[in-house]
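Take a look at these structures.
Look at the two complexes coming up: chain A is in both, with chain B in one and chain C in the other.
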Partner chain A sequence: MKKPLVSIIVIVIVIVGVALIYYATRPPEVVPTIKIGVIGPMQYVQGIGHWNGATMAADEINAAGGIQVGEKKMNIELVQADSNEFINITDATNAMERLITNDKVDFIVGGFRTEAVLPMQDIAMENKKIFIGVGAAHNELCLRVAKDYDTYKYFFRGSPFNSSFLGRTSFIHLGTVAAIMKMTLNIPKIKVAIAAEKAMWTEPMIEAAEGVIPKMGMELVGVWRPSPIATDVTAELSAIQRSGAHIIFTVFSSSVGIPFARQAGELKISAVQVGINVEAQKDGFSQATQEMGNYVATLNTYCRSVEYNELTKPFVDGYVERFGETPTYTADTYTAIKYALAPTIEKAGTLDADALVAILENASYMVPSGKVEYLKDAEGNHLHELRWGPGYLTSLGVQWQDGELKSFWPNKWKAVPEAPEVTYKGIVPYKIPPWVVDAYKQ
Partner chain B sequence: MALDIIISGLISGSVYALLAIGFSLIFGVARIVNIAHTAFYMVAGYCIYFATHEMGFHPLWGMVAAVILVTLLGMVAYKFLINPIREHEGAVLIATIALAMALQEIMTLIFTGTYLSVPSLIKGYFLILDVKVFYQQLLTFFAALIALGVLWALLMKTRLGLAIRSTAQDREVANLMGINEARVAMITMGISVGLASFTGAIVVPLTILDPLMWMHPLIMMMAVVVLGGLGSLKGSFIGAYILGFAEAIVVFAIPAGAFLKGSVALSIMILVLIIRPEGLFGVTFEEER
Partner chain C sequence: MDLIRFYVRKLFTVLKNEVIVLPSRVVVVVFFLFLLLLPVFTNNQYTLRIFTLTCIFAILAASWDLLSGFTGQINFGHALFFGVGAYAAAMSNLHVHLPPWASIPLGGLVAVLAGLIIGIPCLRLRGTYLALTTLAFPIILMGFVFAFPDLTGGELGISGIERIARSRVTNYYIVAGLMFGLCTIMWKITDSNTGIIFHAIREDELAVRASGVNTTRYKLLAFCLSGFFAGIAGGLYAHFMRIAGPSTLEVSMSFLVVIWAVFGGVATIYGPVGAVFILFPLLEFLRFWQEYRTLMFACVLIVILLYMPDGLFPWLRDKIETECPRCKIRNIATRTVCRVCSASLE
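Here is the complex of A and B:
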């Protein structure tokens, strides 16, 4: 009688022991996540912007409980990939491959240089992964969607709007500044010099500018094409000064924007700068030019004091508080994740790319820089291209004033005479540099 | 326009001369093709940025610190990286490429790829016959001339200079005459890197700092050295001003082709080499040294 009882007790102890050991050492419960690859040149401001924007979006979404995917809530898990695309485009394609095959991400956001984003786009499309481009502006990226929809439908433009719209906006800024110069300084005919870096994306802009500037009633006095990485442009500036230009229309996305602005400011060149100078969009511009970049104007997406809508301030203030700088347009990975991907996934209730594309391409939604809608081409084919214009995305005309970036455009802007005026909250008047006023006042 | 070209050419030429003479010096003495020469120039720029921006030093002290630190770095690199493989010129070439890339990556890790700048020693500009010239450019021009003058005096008027020149002419014979050739090579490396860092120190306020800033000067410096004749200090000096003026002429003569200034300068180098393969002041055969 005693033996069976002991055996039972031993068996029970063993079973309980095994159960306890299993419980204590069991693998942690796997919480399903949505993996988003963030790709960009992570050692550079552009890539840092990509990562910061994505981090902010993921943290906000996860803190709110995640994304509702059908019956379950899923958190976002970000995977960083350094594309190193400024130095080596092969590194960028390898990084994209790794995100898809190794890290098995569900979606990808980022990319900066068109030359790198085009092959990255091909890899993402082959693998049927939704890729929201945040950085490259070349039209071809979205023209591919219309040309071969079945292959490229997984690509969407996230930011900025395309090169054609960037050009159009810059010409509006040029016209605005020319009108102010003409009125303030009584200059009968404004002379414009084009200073554009030697790069693929600037060619159509120069061609357009050469046609548009005379039509706008201004005189084109010359085109200067420094190298994108030129560090000394005093010779070019001396030549521009001699040409008698009142305005320098800049088309810079590379480092040359810094020495150009710094040396023009230090030499007190009697011409104002307006156009595109990507380096002037960054908070570090003031330090990089040793405060000589004052009065430089450029197209930009965000400015601390300006609100497009009710979403702008929380995003910009939150970003500044967290990262200590104003977001640049590559930080629109925030918009891509929070306002494009997350609501689309919730609406579809699935991570299936085809289902998501069908919803996203017809979506219309507010973002911190305006309202997003995707364009179709003249034949009605989807382009997944951002709509530009009043009521949608317009960007800003910003100017460095006393060491701070201020926005001077849109200020009572009418896209067409019958359209309503557009002025965003926080817009200030454009300022002509005092040495230019001194040079031309009569 | 002619005056613009003269001023612009003199300033660019002075910078190229400083870089090229340092490079020529170590090649002439030790047959070391130091590809990392302009990487030291880049490191000097970052040292000044760190000293002025992060530590709050006056730019002048930043420059002094940069020249000393980078010169020491160059000598350490020579001692541990180049000297052990000095007899294998190909290996030295590859080692210095690796060193340059390593320095670039280290600077990227520390400072990221963000474009940075340092303040000028003297702010502002003045007019020479209606041409605006930065004070810093004038400073660069005179600093280059002074540095070149000091180097000339060192080489021609001192015992060390005699040893350097002797070693440059014939290493074996210099060794037989009791000159410690390895020590001379190391000192020459120090002077060479010192010149690179000095160039970085005086040029960096005129330019921007980024980890890739060493590449363009490297190409131009190599072009100057080849144009002037490998190992010839006089050739490097004259070659530097030829390319400096060529660049300035391109910018003023064809504004829309300003980006071609480097290419035109390199084309001039190729043209000279077709006519005179040994360069302007080079020797035809190695045995003639």
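Here is the complex of A and C:
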């Protein structure tokens, strides 16, 4: 009688054991996710911005329960791809192909160097994947949408607005500073020197500036072209000083922005700097210039003390708290995911790219840097290009004041005389460096 | 039927007596079969993309070897030929609407012209001076690209070029087939009388000249031939990537070619080709460790070149094969007597 009992106990133990082993080792329940590829030069500050913005958006969306896609909730899963695009364009296209083919992402955000983004765009379009470009400003990316809508309709510009608008904004900053200088220092005619790094992208800016500056009632005294990696620009600065310029219109995206600002501060050059200086957009600029970069002004997207709208502060504060620095425009992957993709998917109730494109291209929505709407060209073709202007995206004019980055523009700005004034919360007056005031008051 | 049977039997005989007897030949056959059958085993677009690009760069690396490895004309600006080929193919396709089968050879021919333009002023230079001068040419061309943006697309390059073929598999087979064909031609050139003169110029140009050979003409020929093959690679690249931009002329591209060739073994043709087939996919494979990808790549290069200064493939070949001291025929390393003349191999 004992033997069957033992056998039964053994069988029960074996069954329970097998069940336990199965339970312990069973494959985890597959939770459906929306895969978003984040592509950018991940070893550089631009790519780090891409990734930081995307992770912040994904974490916030997932913490709130995910995205409602039809009947079910889906979380976001990010896939990072290092495009290495500053060094190798082929690498960038391989990374894009890998994201789509191997990682099977549903959407892509990122990209920086236009020469790399163009073939990356081709790959995404061939695979009918929505690609929100965050970083490259060249107009061609969106002109392709209008030229061949059926192929390129899956591309949208995420940030920044295109290079034409960037140029226009810089000239408005120049005009604003010139007006302040003229009024404060009683200068009858403002003289402007252009200091642009010797790089291809600055050529159209210089050409435009040479045409626009005289039309703005200012005198152009010369163009100086230091190397993008110059460490000593005293020769250029001395020449600018001798030219009698009141304003230096800077066009810098490379490291030359640091020595230029530092040496101008050390030499107490009697001209203010305004324009584009990418180095001056970074938190470490004051330290890098040994605090000689004070009063340097540049175009920027975010500033800690400025609120475009009610979405700005939570984003900027949250970003600063999490990553210890002010977001740059490549961190607008946050905007692309949280305010463009997520609501569009919820509205469409599907991940189908064509359905999403139809909704997104006609959408109008608020983002931390303003309001997004997509432009059409003169013939009414969709461009998927960001609208620039009052009430939409404008960016900021920022200035280093006492070691802090403050924003001075838009301050009661009117795009056209009949337009309403635009001033964002936290805007402060522009400050003329004291040595410039001293130089011209004499 | 008899004819077929004859050729099948001949194939088996060749395989048995000419291929299986030498490991290096077996490797070449296996490599050929691998490339031929790759799309049968995987339809993955990414994998096919990597191997298509690998084939393009293999042509480029072999073309550098033809000029610098065999003739000894060290070229540190090989990206010039690649870029010229890419831009010429792109421009002729976009502006003149030439199809890829015409624009790619045209790219090669324009690169031949570039070879002549470089070759003529560089003929008086040797060694370091030649290397540094050639380094300057792609930079000069890049200046030209930026100076005429309406024609060259400036910093954006020329985009929207026609694909070689619509399907990725077709693209792959066309490029792989061309790679095999062109590399075989390059190998045949180096094995011909012209190749022997190339060799001789590298070893002792004065002696060659003293023998009555017009070395100037042969050096120019080497520049032109190398330019042609590199130009074809450039044209293929432009049509595959659908863009020809300044990145094709960058200094990093020139140095990458030198790295591939030195890694695989110069003056071999098969060495640079094999090196590209190892290093290019390796760099992709290392994506799993993104932060250290380039560092790992550099470590692999250093280790290989430290222990195999003549390159990976000549080292491997010397390990598995020995050369008969009497008849110079290669034998598998395990043999004690030569398979042809029966001389002792020990």
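Everything below uses one rule, namely that the second predicted complex is superposed on the first by the 420 of 442 C-alpha atoms of A that agree within 3 Å, B and C clash if a C-alpha of one lies under 4 Å from a C-alpha of the other, contacts with A are read in each partner's own complex, and residues count from 1 in each chain.
Here is the rule we go by: a residue touches a chain if its C-beta (ideal position, glycine included) is under 8 Å from a C-beta of that chain, and two chains touch if they have at least 3 such contacts.
None of the values given here were measured: they were computed from a predicted structure.
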Side-by-side fit of chain B and chain C on chain A, or clash: fit
First, second, both or neither for A:Q287, with chain B first and chain C second: first
Partner chain in contact with A:E97 - chain B first, chain C second, else both or neither: second
Of chain B and chain C, the chain that contacts the larger number of chain A residues: B
Chain B versus chain C as contact partner of A:S255, first or second or both or neither: first
First, second, both or neither for A:L118, with chain B first and chain C second: second
Partner chain(s) touched by A:I87 [first = chain B, second = chain C, both, neither]: both
Partner chain(s) touched by A:Q241 [first = chain B, second = chain C, both, neither]: first
Touched partner set for A:W224, first chain B, second chain C, both or neither: first
Vertex chain A; arms to chain B and chain C (CA centroids, nearest 10 degrees): 50
Contacts of A:Q43 with chain B and chain C, given as first, second, both or neither: both
First (chain B), second (chain C), both or neither touched by A:S159: neither
Distance in angstrom between the closest Cα atoms of chain C and chain B, superposition on A: 6
Overlapping contact positions on chain A, where the chain C interface meets the chain B interface: 43, 87
Chain A residues within the chain B interface of the complex: 41, 43-45, 48, 86-87, 197-198, 222-227, 229-232, 234-236, 238-239, 241-242, 255, 258-259, 262-263, 266-268, 279, 284, 287-290
Chain A to chain C touching residues, read off their complex: 42-43, 80, 82, 87-91, 93-95, 97-98, 100-102, 114-115, 118-119, 122, 138, 140, 144, 200-201, 203
Footprint of chain A on chain C - complex, ascending: 44-46, 49-50, 53, 146, 149, 154-157, 159-160, 241-243, 245-247, 252, 283-284, 287, 290-291, 293
Chain B to chain A touching residues, read off their complex: 1, 4, 8, 11-12, 53, 108-109, 112-120, 123-125, 131-132, 134, 137, 206-208, 210, 212-213, 216, 247-248, 251-252, 255-259, 261-262
